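Each of the two complexes below includes subunit A, the first together with subunit B, the second together with subunit C.
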Partner chain A sequence: MGKINLKSVYFWLIVLVFVLFPFVIDSRPMTILLTQIFIFAILAMSYDILLGYTGIVSFGHAMFFGFGAYATSVMLKNIDSSLTVFFLSIIVGMVIAGIVSFLIGLLTLRLQSHFFAMFTLAVSGLFLVLAEKWRSLTQGNDGFTFRAPEIFSDRINFYLFVLFCLVLVFLLLRLFVNSPFGKVLIAVKENETRTKALGYKTIYYKVVSSVVAGVAASLAGSLYVVSLRFVNTSMMAIDVTLNALLMTIIGGVGTLVGPIVGAAIIELAKHNLSILAKTYPIFERWIIFFGIIYILAVIFFPKGVVGTLKEKWEGRKMVRQQAMKQKEDAA
Partner chain B sequence: MELLINLTINGLSTGMLIFLLASGLTLIFGLMHVLNFAHGGLFAWGAYAGVWFYSITSSFTVALIGAIIVGALLGFITERLIIRPVYGDVVPQILITLGFMLVISEMLKVVWGPNQIAATVPPALSGSWEIGDVLIIKYRLFIILMGFLVFGIFYYILKRTKIGLIVRAGVINNEMVQALGINIKRVFLLVFMTGAALAALGGALMAPYSGVIYAEMGMDFAILAFIVVVIGGMGSFPGSLFAAILVGLAGSYMAYYVPDLSLAVNMIIMVLVLIFRPQGLFAVKG
Partner chain C sequence: MEPVIKTDNLTIRFGGQIAVDHVSCEIPEKHFKSIIGPNGAGKTTFFNLLSGELKPTEGEVYLKGERITHLSSIERARKGLGRSFQITNVFPNLTVLENVRLAIQSREKIYFQMLRYFTSYKHLIEEAEHILEQVLLIDKKDAIASQLTHGEKRKLEIAMLLALDSEILLLDEPTAGMSLEEVPIILDVIRNIKEKGEKTILLIEHKMDLILDLSDSIMVLFNGQLLADGTPEEIMRNELVESAYLGGMYNDDLAGNQ
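Moving on to the complex of A and B:
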């Protein structure tokens, strides 16, 4: 009991530090960068529900991000830029994402895992073309700007709101993965055949997991466009999926903290590399560096930063416990 | 009538390009259960290599052969460096091939610059024939012929030669083939290199057809190839031809008659196949 309390004390302390951060360090670029990190942390966490907890690979996460992005920007532009419309648009995006992820899951999750990866890639590719073609609504690749709700014109307010969303999503997802339902998901990841043999309808668990991930990704999309006050089709492009993948893999699959750390690492690295690129043009091709790191991580470092640290820590704890037990036995 | 013929030729030629990409994908999957998400990148490399060889030698034959060699070499590197370390492990395999796709697509920009490059149709194949009222663009016909030629050659190899027999047996049960004393890994390397070479050939043929090449073209075509593989059945060589032609023709007719639906049509076919025949139209019995 005592340990759990200590953990949650640390957790709320960290949250408090970030709440106070913009008031202590008054730096607009830093606030914006942190906001971005939080938004991508939500996206990466949602991705990890699929990859790290259920063991399925989706290449269509950009699509769910895009649903949120377009729902929010279209509604804020065409209705009005009030806070009510903003919240409504988040819900609309989530509902669309939920329905689409439900249908995709139902169609492909009963097949081999390759099908889900392939099908999500194809469907999100088609949605991207749809967004490009449906110019009356989306204005295609040019995109459009819109007004954000009045209250968010203060960057700090928006920062706090995004931080609140991140903490909320983190707590909800933690509840989700620690519930009996979440345990079944992990069982599906470890050995689906055996889980089926134990009498679980694994397809049901996998579909729910894909819906949860899709809905959370849509929230990230809604927040992202408000931070930019702009939307275009690049928010549905495969790059978004790749971002989520990179963050999850490098941060650590199978933990919720991992994707958050991954989001911070990737966003900070990108930020610094884009500064470096001004002097060394080779860094304009930073995707190559990330890609190589990512490939090496998948082969040699499959647990990511957080996973590896956790393993080390737990290993040491085990050694300590064993030593204690030996001492007791001796005495 | 004239319109119908032209739409058919357009559809067939697009279909053939997709077929060149999808056939390698489907054989690689059938044999080793590896879904190569980097296949589109090999296609784009083929396109760039073809244009580059053509610009320095101004011989289209050399360009095609050069693209095939580049594709096979890249296939060799991919198989050895990327696929082998995670062999048999589905999730890392999917992840790693997509990562490799990212890297090779960006490498294109490093080698040839980030801008689009224009590609021209070789003079011998440019222009068109007029038969009655029907105007037939030579280059499109050339692509269709190349597609059928490739299909014919590989169909012959698969059905009539020993290596073809091994590949077909491997698709059905690769453990059994291994138990009979055949080094299936070496066969797989060969199939992988062949698949990569076919993708590169597809890219090289695609370049003059579309007029411009760009680094992201691989992904666009790979998506169509995945749709084709799902429709045709993973592992089926004839299935990939049939499905590629189906997707090509459907896209071509729909783009003319019901432009709003041209996007959705591939999707609808794929969803129908997944609902009623999830193993694909030409499933390989294993």
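Moving on to the complex of A and C:
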């Protein structure tokens, strides 16, 4: 028990550091960068619920991000830019994301996994086309700007709100994956036939997992557009999905801290590459670099940064335990 | 008395090949039946038809008089049909304890609890440990399942089956590939289950001499067909069985075991 408490002490210490950060280091770009990292951390964690915990590959995660993004921007622009509307828009986005992910899941999660992957790709492509064509609402690829709620004009307030969301989502997802339900998700990933033979209706587990992931991704979308005060169809493009995938894989699938670390690595790298790109235009093609990082990560860190560290740590613990046992046996 | 399991002309074809060929049999409650037959006789396929992993091309399966032919493996598991797999089939990257705990969780019908930590269900963990003690696997409880030896994996498989506490146990060659020292341990575990007298057990075994004293009855499959079904003595005396199964190519097996 003592160990668990220590863990949560570390956790709240880190949270405290980030709460105090903008007051200590008064740098607007840093605050904005961290805000973005937090938002993508939520997105990547939601993706990891599918990929790392349930073993489902989705190529359509961008659409859920997009639902949140459009729900929030359209409502803030067309109703008014109050905080109430903002909260309402988050809920609207989540409900849409929940319904769509539920339907997709129910339709295709019974099939083999690659059908689900292809189907999500197709459906998200469809919604992307819808967003392009429904210009009266979305203004297509040109997009539109809108006003954020007054209170968020102070970047620090928004930063703190996003941090609050991240912590909340992290704690809820941690509870989710460590619940009896979450343990079955992991079992599904490990061996679905066996899970069924134990009497679990695996289809429901997969559907719930995809709904939870979709809803959380929608929250990330809502937050993202407010940070930009702008929306266009790129928020629904496949790049968003690839980003989430990359962050999850680099950080470490099957953990929740992994995607957060992955989001930080990718966003920091992007940020620095875009500075470099001012002198060396080749760095504008950052996707090439991420392609390379991705390949290297898969080869050398198949479990991601956090997964590899965790393995090392547990390996050491095991060795220590064995050494202790041997000592006992000898005695 | 109503048989617990009854099959009626149970048949499955894979392409042109008939793997299980019009097998009709009845298994009474609390009965211990062994299924023997050479490799490829259709024993595992027969289990797959009972447990719902495969659907028959013809024939029916009844559980306590209820037709269950159309039910999925999940529904059959929930009705009390538990099975172990011949090819070890555990959760490879989970700990031994977690493998067993998941089985208990299912039996306790804790299906959709998402808002409490799994560790708050202490009795599940304690029971998992208790079962691991029974199969002599307790000192490996924190090991990752994929790192167990073959024999240990078989023990884990049986522990998971015990954890499910199914009324009917389908055991597919539980001792296959085990080292000689481990075989008696597993047979003891099975004997203990039998002696408690609470379960109906179907056991597939390749080596007949291992199960002669355990079995209430033995059925022999050969080329998918039910060749004989009777008490161990009857099977031993059966000439058909002798010529088909004990004779010819399986001589060496027998020689090795006697």
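Following the convention adopted for this analysis, the second predicted complex is superposed on the first by the 328 of 331 C-alpha atoms of A that agree within 3 Å, B and C clash if a C-alpha of one lies under 4 Å from a C-alpha of the other, contacts with A are read in each partner's own complex, and residues count from 1 in each chain.
The working rule: a contact is a pair of C-beta atoms (placed from the backbone, for glycine too) under 8 Å apart; a residue touches a chain by one contact, two chains touch by 3 or more.
None of these values were measured; they are calculated from a predicted model.
**Student:** Could you tell me whether subunit B and subunit C fit or clash when both sit on subunit A in the superposition?
**Tutor:** By the criteria stated at the top, subunit C and subunit B fit after superposition, with no clash.
**Student:** Now for A:Q322: first (subunit B), second (subunit C), both, or neither, which partner does it touch?
**Tutor:** In the superposition, A:Q322 touches no partner, neither subunit B nor subunit C.
**Student:** I'd like to know which partner A:S8 touches here: subunit B for first, subunit C for second, both or neither.
**Tutor:** Neither partner.
**Student:** May I ask you to name which of subunit B and subunit C touches more residues of subunit A?
**Tutor:** Looking at subunit B versus subunit C, the one contacting more residues of subunit A is B.
**Student:** Tell me the contact category for A:G55 with respect to subunit B and subunit C: first, second, both or neither.
**Tutor:** first
**Student:** Identify the partner contact of A:P180: answer first if only subunit B is touched, second if only subunit C is, both if each is, neither if none is.
**Tutor:** Second partner only, subunit C.
**Student:** Looking at the overlay, what does A:L111 touch: subunit B (first), subunit C (second), both, or neither?
**Tutor:** first
**Student:** For the combined three-chain view, what is the angle at the C-alpha centre of subunit A formed with the C-alpha centres of subunit B and subunit C, to the nearest 10°?
**Tutor:** Once the two structures are overlaid, it is 80 degrees.
**Student:** For A:G199, decide between first (touching subunit B), second (touching subunit C), both and neither.
**Tutor:** A:G199 sits against subunit C, while subunit B stays out of touch.
**Student:** Between subunit B (first) and subunit C (second), which does A:N191 come into contact with in this model arrangement: first, second, both, or neither?
**Tutor:** second
**Student:** Between subunit B (first) and subunit C (second), which, if any, makes contact with A:I292: first, second, both or neither?
**Tutor:** Touch partner of A:I292: subunit B, not subunit C.
**Student:** Minimum CA distance, subunit B versus subunit C, superposed model, integer angstrom?
**Tutor:** Minimum over all C-alpha pairs: 9 Å.
**Student:** How about subunit A: which of its residues touch subunit B in the complex?
**Tutor:** 51, 55, 57, 59, 107-108, 110-115, 117-119, 121-123, 125-126, 129-130, 133, 238, 242, 245, 249, 285, 287-288, 290-292, 294-295, 298-299, 302
**Student:** Given the complex with subunit A, which residues does subunit C contribute to the contact?
**Tutor:** My answer: residues 51, 53, 72-74, 77-78, 82-83, 85, 89-94, 98, 101-103, 105-107, 110-119, 121, 160, 164.
**Student:** Inside the complex, what are the residues of subunit B that reach subunit A?
**Tutor:** Counting only subunit B, the residues touching subunit A are 29, 33, 35, 37, 82, 85-86, 90-92, 94-96, 98-100, 102-103, 106-107, 109-110, 219-220, 223, 226-227, 229-230, 234, 263-264, 266-267, 270-271, 274-275, 278.
**Student:** What residues of subunit A sit close enough to touch subunit C in their complex?
**Tutor:** Touching subunit C from subunit A are residues 175-176, 178-184, 186-187, 190-191, 193-202, 204, 208.
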